[in-house]
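Mind looking over this structure? Questions follow.
In order of appearance the chains are A, B and C, and numbering begins at 1 in each one.
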Amino acid sequence: PELLEKMHVKKHYSVIGIVSDRTGGGPQLFSMDEGIKSTNTEVIDVEWTNDTKGGGGQGCMIVIGGYDPSDVREAIKVTFENLHHYFGDVYGNAAGYVELQYTARAAGCLTEALGAEEGKAFGIINACPAAIGIVMADTALKTAGVNIISVATPSHNGSPSNEGTLTISGESGAVRQAVIAARERGLELLGQMGDKPANDYPSYIQ
Amino acid sequence: PELLEKMHVKKHYSVIGIVSDRTGGGPQLFSMDEGIKSTNTEVIDVEWTNDTKGGGGQGCMIVIGGYDPSDVREAIKVTFENLHHYFGDVYGNAAGYVELQYTARAAGCLTEALGAEEGKAFGIINACPAAIGIVMADTALKTAGVNIISVATPSHNGSPSNEGTLTISGESGAVRQAVIAARERGLELLGQMGDKPANDYPSYIQ
Amino acid sequence: PELLEKMHVKKHYSVIGIVSDRTGGGPQLFSMDEGIKSTNTEVIDVEWTNDTKGGGGQGCMIVIGGYDPSDVREAIKVTFENLHHYFGDVYGNAAGYVELQYTARAAGCLTEALGAEEGKAFGIINACPAAIGIVMADTALKTAGVNIISVATPSHNGSPSNEGTLTISGESGAVRQAVIAARERGLELLGQMGDKPANDYPSYIQ
């Protein structure tokens, strides 16, 4: 309990769970969002690290709380089961990477960590090096009428990673359309800087 | 336009250009300075990233603005044409690297990004690990009468990179002499920690 | 002297020494603590870098001051002689690392850099990815009655590294016992994420 106080955890839970990784934040947060949706748990804290094992992006650490060990364990189990799914639209080559995320209905992890609106569609458009992310953001905003939640660039960001990131909310069809248009533009740009960008798991945003 | 507002861009331009990289800032900024000199464009924003593909330094992102697409395109073309030149005094080995930059006459990119004085000589003395940069800075300041513009160390810096950096201005002969003396000291120190430091392109500071 | 002023060095010394590295902070600071104990020198400044050559941790830079060149040289010599010793409880594998440090009696480097109490036992419990460090911290605090000096997580830290870190002081037996229990838990967790974590030098905390 003394440890939790020092960790800037505000509420009191009887059980705490932590998910922490070296590479990536989007897939982990979208996966945890499924975990939170299906259990009686809450996200307490999300922290970002300038890591990615030498890449230009970030790792993250998610702390969740609950009142029953089986709930917390279940939330983490659901998170891991969803990770491959949400890595489906992360494409990389030697020059950098392009990441897209989309959900028709955001829950407590995405609202807490990224300012998503509860129950509304939410999307992430992200790339390294940063300029690709910004051009993709521009494409997305020109494609469909969506709301900007945040724009992050290297110096206006939680951690000085080499990323340009746009998060959006709105009507689910519009958010999906914006994300898909940004993906097309991003893969084209990143592909011009190296090999054809490849994903490790099948794309889920159709 | 909504995107630009969120990106902390203050002035209004009709055309925007972005140069973004994984590794290095000095060569990109000095190259863009040539692009700005030769076109009707301005540097709007420079942001730093803690990247270098796993190295101890930084990458950067430069946003420029203009009123004519051909100007912005030309500025970026000139930037790319100058990159090899300004990578000429970047020397590395497995232990780290030493970077020197010098111009007899700074223009709008170096003034905006690094506080150089318009039209005056400007130099950068930089190395990783940080201690080498500091010893080089000491050598430079003992060699010639120049003005300190900034001293950056890991915790007093835009991004927590492992660099010691001195930027100087003044009479062009003095700035060049200071930079050359620092280079000699830096190559000697870095060489003691590994192989002879090597540059990928011919040195341009003579 | 103008350089030192810009470097945020407050006191005036006639001789300055700098130790700077790409990877690690604990071993360097504990080694420098021995250097400070055995000479008439003081630690002026410790800065952290988000480096580790692509790892999830930090490098550091230590600036010391003295009044006699031979003192400063001796302090740095003692530091280098102790480095292998204090790397003895740094264990790594492809997934991350676990670091433990312990001294029965902290001196001027650890007090200045990490808030240790002069002359009292002091320990560090640290791991990457961050969640391992937090579980280890929890184990340590449940094992023995020690005082928390600091808890660092990725976003509540000098630099956005992927580390969870606990520093503790107290009765020397209790601090050692807490550190040893945390080590056991950390090696177990990190081992589950990859190969058996290995140290490069013999463990010194028994």
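Going forward, a contact is a pair of C-beta atoms (placed from the backbone, for glycine too) under 8 Å apart; a residue touches a chain by one contact, two chains touch by 3 or more.
For clarity, every value in this text was computed on a predicted model and none was experimentally measured.
**Q** Would you kindly count the fewest steps from chain A to chain C, each step being a jump to a chain that touches the current one?
**A** 1
**Q** What rotation angle, rounded to the nearest 5 degrees, superposes the C-alpha atoms of chain A onto those of its identical copy chain B?
**A** The C-alpha superposition of chain A onto chain B needs 120 degrees.
**Q** Using Cα averages as centroids, what's the distance between chain B and chain C in whole Å?
**A** Their C-alpha centroids are separated by 32 Å.
**Q** What positions in chain A touch 2 or more of the other chains?
**A** Residue numbers touching two or more other chains: 50, 53-54, 159-160.
**Q** Would you pull the chain B residues touching chain A in the complex into a rising list?
**A** 2-3, 6-8, 18-22, 47-51, 53-54, 59-61, 158-160
**Q** Could you list, by residue number, the parts of chain A that touch chain B in their complex?
**A** Within the complex, chain A contacts chain B at residues 50, 53-56, 95-96, 128-132, 134-135, 137-138, 141, 148, 150-151, 153-156, 159-164, 166.
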